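The same subunit A turns up in both complexes below, where it pairs with subunit B and then with subunit C.
Coming up: the complex of A and B.
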């Protein structure tokens, strides 16, 4: 009896296990089915080794893996090294999805057939983004090759407490004369007015961008960078003439400081203002919450009333899928998640080592701007005032022109500001000497 | 040497190789030759070829013949090239006239076993153990606007001494850093050479009443010809191929242009590799020219 019972019970247990196993398997496939197609493991190439972005990426990847069960291999490279190696990287065995920038720099590689078409991703998440982001993500052939993550504006940054101590009101700095007067006041108090660094060769490009846009307008700026206008134009001379008026208010060691050195001047209250992308706010926050709360941004002042303050550099960072990767579908599937509000929320929930949230202004219109901190709200206001949005000099023109040609040209201008005509001449000649793209 | 003696010499050198010998020999010569051609000469020739083309570094089928356009652009429209060349020439001058002679002087003094020579030898040689990149990192920490030296002087970054950013002094700062290592390197090479100089030569010249300087100039220096050649070649090559320290301190920007960084700046990054190739070819011609000339002159006098 007992033997028989045991036999039956054992058999039924086995049977039950089999059914359970089937059920589990079915459940698994159902789960995968409702998330997305099973696209298998993929590799993610990060363009930063800094703590903040790494924490964000890890949070995003964890959320993706939890949802789809797809393993993601994380490869991080320091951003300069990543950039220097990108051509070789994309032609070799790249990660399936990698962090990159919108605009010309993306289009350059899309044109060469190195990026995978992401039109499908845009079909499913495109309605979460405003038109300008779609344009910035679109290649010259009309297809999308990029999914935006976040943006930040370039503007004049200052410390509220410093302005208070100096008896200044940022609202009164709307045009060039007012700005120069303010800088003069700072100089008389022994302060650096306009903190600047250009040792890296790219930092001062932002100053060129904004002065050119203010003096000559958006259209001239983009035409110049696309080669439709000439660098020898008197309008470009005018940019340097205005820029030269800032020189007396800059720290003398512009070519000895990188962006972070200039930021230190502002952080230590040795400089009154700095033109920079707001992304460095994260560094202020790392310093202390009080420093971050003290940080403020206004648009660069108007120079030519015809153009007002209608243009802004607001670079968009995001992701592409490498055409030569082993798993293009996996890369696209990941970006569908990352670009969707679900992925954005996972990124926004990331915390730094002190357990604080990492500030980010997402490109996704689903991010509630009411949740923005005061500094982010100011960024949004600066952005809202602009009619035209540019990326940044090294993202709006040919990469083989920006880094190797414009960077050194601006550095040589700092060495000898009287050399403007010669510098313009060599800029134009070197543009003309670039290899044809197609 | 008479001509018959020469013939005998020749004949005695010619040996009959067995089949196994020949196989071994051809393997030992052939395999390294294959890799040498594959990894050195073919890329070198391709680089030369690339320098005459237009190519963004992506999709080889888009490459276009450019003739001399890249060189024309470099020579006539790229001020950074002339600035870089000037810096390399100053570098060479500094190494040739200051750093290398200093290294030789040190070697000579240490070889005379002055008091504490073991200590000096170690102290001066120590920097050579470090790679150039590490040298750059160390000095960058010391001399940056927010670095050790400025901190020691109580200077903040807004009034820091601009060791790397002031274009009147930065080349000498860089050269001092480079010499810090180069002097020890030359010293060690020369010291090894000095040890091999026959002591009786010195004794003889001392007995003849020669001064220390006369002994060095007329006896020691000429008898060290092989080492001298190596030292000269090393000085030229080190000056022209300079890259590491500058790259560590200035990055790939043109903050301090020298030919090495121009090659890198144009080859790395996104495109324009053909211009980087042209810089590399110019650097190659500059390096190979003086070295071949010097070696030829030396070997000629050896044969005589």
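Coming up: the complex of A and C.
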């Protein structure tokens, strides 16, 4: 690094700290600033057009530009469209850095050479992340291709006030029998015990994940999704057998409701519990602060004592750098900033249109958990109990298998729960019929 | 006298019978009209209700409030002027080019007889049958390769012109088919007298056939505008910058990653549907005559 560059970066560091005005960030920025060069303008591909994430991205980009003077072009696409088109996007003229997901979803594209190696970024900010995040960010070749931003757990959600009215205690629902007993009590009171929607085809994957992990354990689950175990295995039958025990307590119109239909049942106090990712808490918050404060989460109950409650679906969102972008160095430089506590603080400081802070559980271990709201603290507790973290079925297996095969298979099971053997057969045959990965 | 009476009675009987028949037909049409109108009315009804209300009380509850908030919200979130402009920049050239090229081919294959004219027509019509999902990967690769070859990666990919081109290519088969069928109904004598008067091929096309084609062009124009306007697929796979994409993509902006606010979406859809309605009403008379003209041939 030349003297001139040193001068620039030192000045920009000072400016960055001054503009950010974040006491805690200053220490981090000095360290990060040493590596930061003027890497030139870059483009940022956002995977969301929602208000919350947009405000977070804008805050992060503003902080980065203020610090490095690098212009960032913002290109936001609606998430489903972005996801469906990612393969073309990466082969064409992608933005330099873009929002994506950890685990298999990232490895799939890394294997095709479409993602840039971020080992250098991890060398400089890696110590701010626990090992599990590094594993989730690592490709099959052992290099890192991903920088995590935030996570959320999948668990059983319920309303505290409802449990109070029903005379229930969430701490007493730790195993399958207790849970079924609770559901039975709710049914007798005319309530839906287990709210579910699967019109979108992905919602019920979470239920499959957790029952499989509880019954057969983490290792079998990941092996199954990676094709090392067979879908026709009796262990998979066992998953559906347990799942079928929940059917009497579900709303009858599972296939007519998307996830938000199921959420409405919980919001309207027509349903007692719902298995879902905690991200939907934002909807409760939007409805009212009281509804949000009433929301609570516990881990899915234990089924097989051998595995306890040791596994959880906790998808990690974050960023990658597109190999076909025009400025790979710029993309990596941006992610070094975004993944550093300085960038995390800039993101956390973002406010929604009502001037309220946007709740986020950061992947960075530097985030002060004391600042969490009670619901976030519960999420953290649920997460802390788990030994193994999985991403989610459609993130842990081949994209051309999860959506087109597993989704419809589960939907057909809802239509005819007795068809388990046929469905398992179809799943295995379709897996075997998949073309080998390039 | 009695015969007269009988005739009269028969006439009355016939009239009554006709009346019953008419009523039956009216009822039949009425039912179908409701089936068609219901989704539109439901969309507009949905667009007037706030999502918060629906979320708290369910879709079939009586509304607590009805207002135009969804519309103002949709307009601001969709970035309407930009996306309408993008749509116009794709739809207008695509429709004009399709009609122009389509009428040229239709003219040649229907007015001149040469060895391959039927096969040529068949080729164009068959091309229309290929689903877009089947050919998008080769098209995409072609655009990328071409961009790399000329050193300008965005010359076709991620450019409105690339999308215009693919629309022209895809819609031309249908345009050729419709226009050539229509041209076949134009008496041969008109062409013959034009040729006798010394009209060149191009004058024959532009001064004789094109004016006669107007109703067909107008109705095709309406159809093409609607189809190209409604396209989301090509703009999605052939573009990477969202701010270049058409209005259909802006509708996606109203859809959250997890939450879909159907009330807001209904308002957006209503707004997005307006331009095609306007095009239809402007060209309505031509559209109807274009559809029926030629149908009485023979």
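Following the convention adopted for this analysis, the second predicted complex is superposed on the first by the 402 of 438 C-alpha atoms of A that agree within 3 Å, B and C clash if a C-alpha of one lies under 4 Å from a C-alpha of the other, contacts with A are read in each partner's own complex, and residues count from 1 in each chain.
To be clear about the criterion, a contact is a pair of C-beta atoms (placed from the backbone, for glycine too) under 8 Å apart; a residue touches a chain by one contact, two chains touch by 3 or more.
On a predicted model such as this, the values are computed, not experimentally measured, just so you know.
Looking at the overlay, what does A:59 touch: subunit B (first), subunit C (second), both, or neither?
Neither: A:59 stays clear of subunit B and subunit C.
Quick check for you: in the superposed arrangement, does A:363 touch first (subunit B), second (subunit C), both or neither?
neither
Identify the partner contact of A:86: answer first if only subunit B is touched, second if only subunit C is, both if each is, neither if none is.
First partner only, subunit B.
Does the superposition put A:386 against subunit B (first), subunit C (second), both, or neither?
neither
Looking at A:268 after the superposition, I want to know if it touches subunit B, subunit C, both of them or none. Which is it: first, second, both, neither?
In the superposition, A:268 touches subunit B and subunit C alike.
What's your read, subunit B or subunit C touching more residues of subunit A?
Higher number of touched subunit A residues: B.
Could you look at A:426 and tell me whether it touches subunit B, subunit C, both or neither (first, second, both, neither)?
A:426 sits against subunit B, while subunit C stays out of touch.
Does subunit B (first) or subunit C (second) touch A:435, or do both, or does neither?
It touches subunit B, and subunit C stays clear.
Quick one: is A:287 in contact with subunit B, with subunit C, with both, or with neither? Answer first, second, both or neither.
A:287 contacts subunit C only, not subunit B.
Kindly list the residues of subunit A that each of subunit B and subunit C touches, one partner per complex.
Correct list for subunit A: 80, 84-85, 91, 264, 268.
Where on subunit A is subunit B touching in the complex?
Checking each residue of subunit A against subunit B gives 80, 83-87, 90-91, 105, 108-109, 112-114, 192, 199-202, 251-257, 261, 264-265, 268, 270-271, 398-401, 403-404, 407-408, 411-412, 415, 422, 426, 429-430, 433-438.
Mind pulling up the subunit C residues that touch subunit A in the complex?
Touching subunit A from subunit C are residues 52, 55-58, 140, 143-144, 147, 153-154, 157-158, 236-237, 240-243, 249, 252-253, 255-260.
State the interface residues of subunit A toward subunit C in the complex, per the touch definition above.
45, 47-50, 53, 75-81, 84-85, 88-89, 91-95, 258-260, 264, 267-268, 279-280, 283, 286-287
Under the touch definition given earlier, write down the residues of subunit B that touch subunit A in their complex.
Residues 54-59, 62, 64, 66, 69-70, 72-73, 76-80, 83, 144-146, 156-158, 160, 162-167, 250-255, 257, 265-266, 268-275.
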